[in-house]
């Protein structure tokens, strides 16, 4: 099967990172393609940036859905811990779409009762809690700790970011007595096993968790329900700068959406689209 | 004081309608300006459209915040029942920002214990419930009824939309035994008093409710907290189509945001910007 | 419009204080009248005192409702943080009735996600939490701090009460990472702006918040629903000491209640009933 | 031991009824005394009446607490389904105080997972739900049905009230699939076994349940905690009509409260104060 | 009446202890019989041991239900704080069955609003919280403290276990500001009054609480509902080692269950089965 | 990898069925072994039977854990919708253990917001709801419908069970407006795709869902946390009939558990243990 992992920001190094993390859990026969939008912020650390990341995510889904069946993804991962645009992406995509916060929290509750999240900036803590509530894990999510690290600092050579994340994970596990720790930023994906080994409790990377989940959904032949809120959106023009996002009625069967134009920009699959 | 009511869709008749509804509750000395984005969908009836409406809302806030103090709004109303972009708008605006779903639910719980929402399309019901939960009104919101009316149908001459809304409000009040009914679409704003008189329980229009609330917040000299998640977003470039939304560090004090360019389009205040 | 603010205790200085706080947010055309009961405890710091304050509140509502239309209040504020007698007052009053705990919590959630309450005595903390739950703000109310200050000490010349309140507000904001602080006692009303300026997060005074809210409800022509639990109470004799509280069927339309006797005592509007 | 059952209204027939129901579950050695206030409404069917019933309940507790130890009750039952004045009574009484809604809900959850309440008037339904939430039984309480019967009608010779209650209990059990039915009015106490036999699920009368519970608490030597909100209320004058309710500091140990005057009226034990 | 207290582990000293604790709250006319299973672990400190304790509990219920009416228990107490097998026991027993965690939490909420639990091992804390949620006391249960004491250590001569429990109870009461403390292990039963006297808040022993509760239920003639999930289990063979637990259809009326064989072992009533 | 699917009842046809369902979602390289206990009830339809099924489940886990590494399962699925013994099994197993109710609910919330469960007997409905609450899906689980079909009837040739399940799934989807339907019994596993195609919403079989989930967890190298409640249970003798379940301290590292005896019976892998 073919899984498309969408990095919602426009930083190529992050796209490569989430691609690697996803491929590490790909089963034989699964191809992982990591892409990033042609538009949007370099990283997502505020509600404002999250809102601006969403059109780019939708662009990537629309572009992929317009591919011929043989090249079309079976499922999508949205690889930013705020799970931006998840509901909208579900309306567009034929296959299942899973966010990495969602996936990480699901996985954490399967290996223990309570987990803590370790995230980047303090200001993103309330969003993490809101998502925990949205997904049913308000009680399971015992605490959210912030490292006070900007997302892009995680990857800067010479930064002490890795040590900082490790220390916060250890603190979260100890102080809260949780069963597991969730890494609250896609940029921490490659720390997962290292931190887990160091602190002695399961540590969950949402990119791997989401990639594992969508493979499982495809294996079950399950996809987003079309019965209610996730039915294909109405076809309707969109004005101004966002005009390329207008949807036209598909020539064929309902649900077969494609953007009016080929989309505002070409998708940007990362160099090694392989499982 | 100066209240800017943002209609998140690009349909002028809706902008005029929400402007009238807001002005009806303006206190002496309050000026209401109703505007609409230069970009985005003609109406908001899906997660996809909601996501695409957000940049236009943020554009309108950024444009208004860039005005000289004398012309700058003291507060904002986001006039779509899904409360799109509310958190992001709060990061940008100096004054308070209130959504109409939020406001209507607050008002309804002040005149009774339980309320029902009557909304447009069935597919928007889960979003209405999600908002009720987000605002603390999961228990107070006894039911959400859908009229199965597209938003723009509400305003079409000769349509039976008004009767349909009235019937659903009556049904909701009777079948659920609620104390109040909330109109779940900005397009229903002008039905508020008529329906209330007909069904004998308070009927709440979110546009009026939000306008009343923000006036009260300004009178209390209260605005969005800058202490945590709603601090001004980081200044950071935005790529591609959305580049005009990049923020640059303000020359003066922090929090004094202005978009890099004058913004992707001029604001569109409706003709009679008056209290 | 005419707003009657009822101080539920019998301490005149408190009545004057809440009157000033309410008037500070009155819009042009609004008249604020601050009154106190002829009966009841000097301050409310226990469940016992709260119970004993309620008849006096109801007396004041009944007296005001018996006034000729031109002098009758359009709405009421109950100015004690326990919101005593709120449901009963809603049954008696034609116009909306809002409590100050209720109002402050509503306002706090409009300027941030989570708030802390700073109240007087430790023993009142559970009541504050119970109200937060009642109003839907169990999650939004992150903490309740007690200053361990008796209510009347707040106003005693030479007391260090103001410093104590300020310190607790600062502590609450810092330790809990909340977006806003709610003053949990009507006696703290005049500290609102001073404390807010000192601690850098919005500080909400319930008297101002409630006065703002009821003005907004009146502007929306909304009042307490008569459809269910808040319908006018049955007319029925009351025995013994409380006999004056017996209700007789109104000569005219239902809902037009007036006590059997002119009421157990004359209302006590404070000297400057002006907006 | 000595249990005082307080009927919060001033209708003697109700006092006798709750006395009988309590005595039916008295263990050997337990004396039940059923009393009623000297003041207050003839029945409690609204928030207003509930508020007016509270002073009379507190009067009865204060009078009993002022008795010499040999005659003093070991525990109290407040026999109105709204549990009026419960928190305040707990501050006054040395022994435990239990309300009949509280007790009935506790008992119902011990004989099944979910219960329905069958109450008198529709307008009291929200109060019943609020109490269920307050006591932790929001989920266990599957439904509240109203018979639309005034309280005093239950006892009127020739009324069809008993049949109506039975029919509603049967409906509640069948339609909701609950494990048990709670009688939501003290006036239904004597229907308990008859209805239970007729509908085939456990039916709980709160008066019996509360009497059973307080006997158990006394046997365990448990009484209301004095550590926090239920400590003895401050001694403080009370003004006007309610002056007799002022508390003075006890000569002896703290917690030994007695009203300033002998109280506004003599207690009214029902004729057969016997277990 | 006749109350059978089942100690779910196979340690005789614990059986004797819970028997004493139960008898201390027996009313005149109540006989308490404390028994233990013929099979299962010596103490219950893990999910694994809890699971293995359940067959022995069910054996004891089945044996007792097979007794002639005159010797048959009127009610049961399951005396392990994890409340193992409670739902299954309810299906088997004619009379009510109450667990000690359940009972202690019910009692604690009748003498205060919030309680803390002091339990044995840290690993049992999540189970205690899960039970609090199951019974509706998620909010009332403010904290669970572990003494890190194995259950059987509580009874070892010369151990400092009693001091450790006392210290943790004091800490729990102070740090959490709770109204009451619940002893989270049957092995702590005899510390109840001593600890309560020392720390000044009510301390609840679940064995006494459950014994008090079931006596009250019997007095009310209430037993487990047979209408739904607690109906008698289907008669069906059981394979292998557990074959003696197979149920056969009763000769007489439904609900009159008895195991196929006399049960896998004889019940073990403790020496002094007396009220 | 090697996945062991444990059918908790002793009916071979069910073991074969769950094996087939699991293998249908096995990725290349995954071997599925379906086994059943040597002891326990023929089907699980009551709390009593669920309790009696648990020892057999634990026996199967212990036997598998005692295998040499090359033959030892990487993960387990407990294939009964009540998720019996899940917590205890997690304490015993090195790899992750997932229950089918848990898994089905997780999967359902990834393809829609709200789901309904269609289960076998009415009496199992409350258990299904309890599990939904335990896993965080109390709100997502909109309804539980019972077909009133005994588990073993599902497989009986000539029965109308399949039609009955289909009709209830259709009813659940339509009446509740849910996004997905969860099959609430392992015995319905093979109806999944057929029913889904018929009713037009995603239908989730827990056996497939759990098999997919554990494969994903193994791919992520995640297993049950050993940090708290799921640490290996204490080594301790077990008395009587269950003596074979006693645990002895492992010779090597902690966590390396093995039962005292080789276990009460040999595992019973179904004939085609292949992915």
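Per-chain numbering from 1; labels A, B, C, D, E and F assigned in written order.
Simple rule for what comes next: a residue touches a chain if its C-beta (ideal position, glycine included) is under 8 Å from a C-beta of that chain, and two chains touch if they have at least 3 such contacts.
Chain-to-protein mapping (UniProt): A, B, C, D, E, F = Allantoin racemase.
Values in this document were obtained by computation on a predicted structure and should not be read as measured data.
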item	value
Graph distance between chain B (Allantoin racemase) and chain E (Allantoin racemase), where chains that touch are linked	2
Third chains touching both chain C (Allantoin racemase) and chain A (Allantoin racemase)	B, E
Chains in simultaneous contact with chain D (Allantoin racemase) and chain F (Allantoin racemase)	B, E
Rotation angle (°) superposing Cα atoms of chain C (Allantoin racemase) on chain F (Allantoin racemase), nearest 5	180
Same vs different contact residues, chain A (Allantoin racemase) with chain F (Allantoin racemase), by half of numbers used	same
Greatest separation from chain D (Allantoin racemase) - chain, by CA centre	A
Between chain E (Allantoin racemase) and chain D (Allantoin racemase), distance of the C-alpha-averaged centres to the nearest whole Å	29
For chain B (Allantoin racemase) paired with chain F (Allantoin racemase), centre-to-centre distance based on mean C-alpha positions, whole Å	47
Where chain B (Allantoin racemase) touches two or more other chains at once, by residue number	113, 122, 125-126, 133, 138-139, 177, 228-230
Which pairs of chains touch, using the document's own definition	A-B, A-C, A-E, A-F, B-C, B-D, B-F, C-D, C-E, D-E, D-F, E-F
List of chain D (Allantoin racemase) residues in touch with chain F (Allantoin racemase) within their complex	113-114, 139, 177
List of chain E (Allantoin racemase) residues in touch with chain F (Allantoin racemase) within their complex	10, 37-43, 45-52, 54-56, 58, 85, 87-88, 90-92, 122-127, 130, 133-134, 150, 228-231, 233-234, 236-247, 264-265
Residues of chain D (Allantoin racemase) touching chain B (Allantoin racemase) in the complex	122, 125-126, 133, 138
Interface residues, chain F (Allantoin racemase) side, partner chain A (Allantoin racemase) - complex	25, 27-29, 96, 98, 102, 106-107, 109-113, 135-140, 173, 177-180, 193, 200-202, 204-205, 208-209, 212-213, 215-217, 219-230
